[in-house]
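A single structure is presented below for examination.
Labels for the chains are A, B, C and D, by order of writing; each one numbers its residues from 1.
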Amino acid sequence: MEKIEEIAKQYFGTEVTARDRAIFEGAITLGAIFHQFTGIPIIKSLIPLLKETIEKTMAIQPFIKQINVKINDQSLRNYEHTYDYSVLSGNTLELEVISQYGDITVHLGMKYIAELDFPLMFIKKIEKK
Amino acid sequence: MEKIEEIAKQYFGTEVTARDRAIFEGAITLGAIFHQFTGIPIIKSLIPLLKETIEKTMAIQPFIKQINVKINDQSLRNYEHTYDYSVLSGNTLELEVISQYGDITVHLGMKYIAELDFPLMFIKKIEKK
Amino acid sequence: MEKIEEIAKQYFGTEVTARDRAIFEGAITLGAIFHQFTGIPIIKSLIPLLKETIEKTMAIQPFIKQINVKINDQSLRNYEHTYDYSVLSGNTLELEVISQYGDITVHLGMKYIAELDFPLMFIKKIEKK
Amino acid sequence: MEKIEEIAKQYFGTEVTARDRAIFEGAITLGAIFHQFTGIPIIKSLIPLLKETIEKTMAIQPFIKQINVKINDQSLRNYEHTYDYSVLSGNTLELEVISQYGDITVHLGMKYIAELDFPLMFIKKIEKK
């Protein structure tokens, strides 16, 4: 373990396991992405650029191994005139975040669920190496 | 359990426990608060109002029982002229979030740690009723 | 004029008038409010609190005299279960910003316009004392 | 003029000139960039990507002709360990926004000014074709 992580660990309860921690770190990043990036003006042609920016900047956060972003282009407006653009919203955004702490890898996600009319965040899978 | 939660649970892996879930929900809110509220202009006299707004709006999020916000006023500027104000930053903000899922209650926090020069998020305590 | 403003003015072109400046300052605040506050979880009972927070924190910005916020509650969800809440969006938010520089007062606004399907920002009135 | 702009213009006071409007539109984008993008995790190697994303997404906004972003890398941390990264702040960010309405082009900017200890927004130049 990095020496710096020894310092950080002092602030966590002694009962906190690697599994707890991996879930914790991934979930922070889901909440962070939603509240940092929603509101950005977006048109279809800029989806690859914005996707890459979210994936790479947010993967800087502690213990984040990988992020996959999907922006649903069928819900975006056509940019046929000055005011005809969308802003990124929770309903347009699909996220996969993979976090890792010690020997635990967690796959987390966010997706708009029609039945709930809500961009649900969830834990898909918890793996031990 | 609410009927709506039965729908939501289908998106979670079957291995996900109440403990996993309570940590997950609390951590989302930590990440969300940081990325939603940093950047707001702030002066000392408005601390109580902004504190209450963060605590109450973010406690709407699923399975959040309570939020306590502290904004460190000694680091804020004095508002002695037009340009003399601060914006809320991670280093100024202290958070306590309490989440609950089933019989598990989790206490999470965020605090600027001088040794790391970083606003560290952490899990303080995991309790089973 | 405040001494500090003499310093700030050096960065503005010499052709910039009080009218230009009052419009400039008010427009910054419109753009700032939209991109700072959209995304916040909101339910009907918290409208007065969030309204007051936006009005008071954003009026700290230079040369902003007054802000009036209206959050359209008929578009908000009912909070009948865990996932039944809204987040603040441009379509839900109505803004009035009054800026003042020298002897010029400008009334600016933002409002969702159905014909454009867009939260339009506009200059309502420019007044000279 | 686009037909859609005839609709938008109805919401503006009749005294509003092309000069007023060009300043207005550019200033909105300055305020929007600050409050949308500050808070994003950033390390030196990701500066070109984040710069391009800000420039292209925010130029979708009405009557914005061009945006140039500079992120001052000497103030960024070195990413030598897990917690050693920066988040984008007003003091790290330099902006140039060029707006155009009718025959008026306006050059606006934002830059950290040490004398004010403030990321000042300003109007550099107003040009008539």
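Here is the rule we use: a residue touches a chain if its C-beta (ideal position, glycine included) is under 8 Å from a C-beta of that chain, and two chains touch if they have at least 3 such contacts.
Model, not experiment: these values are computed from the prediction.
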{"item": "Winner on C-beta contact pairs when A-B is weighed against B-D", "value": "A-B"}
{"item": "Chain whose average C-alpha position is farthest from chain D's own", "value": "B"}
{"item": "For chain A paired with chain B, centre-to-centre distance based on mean C-alpha positions, whole Å", "value": "17"}
{"item": "Centre-to-centre distance between chain C and chain B (centres being mean Cα positions), rounded to whole Å", "value": "26"}
{"item": "Separation of chain B from chain D, taking each centre as the mean of its C-alpha atoms, in whole Å", "value": "29"}
{"item": "For chain A, residues contacting two or more additional chains", "value": "4, 8, 34-36, 39, 83-84, 116, 120"}
{"item": "Residues of chain C touching chain D in the complex", "value": "4, 7-8, 11-13, 15-16, 19-21, 23-36, 108-109, 111, 113, 115-116, 120-126"}
{"item": "Complex contact set, residues of chain C against chain B", "value": "2, 4-5, 8, 36, 39-43, 46, 49-50, 52-53, 56-58, 60-63, 79, 81-85"}
{"item": "For the chain A and chain C complex, residues of the former touching the latter", "value": "34-35, 38-39, 83-84, 87, 89-90, 116-118, 120"}
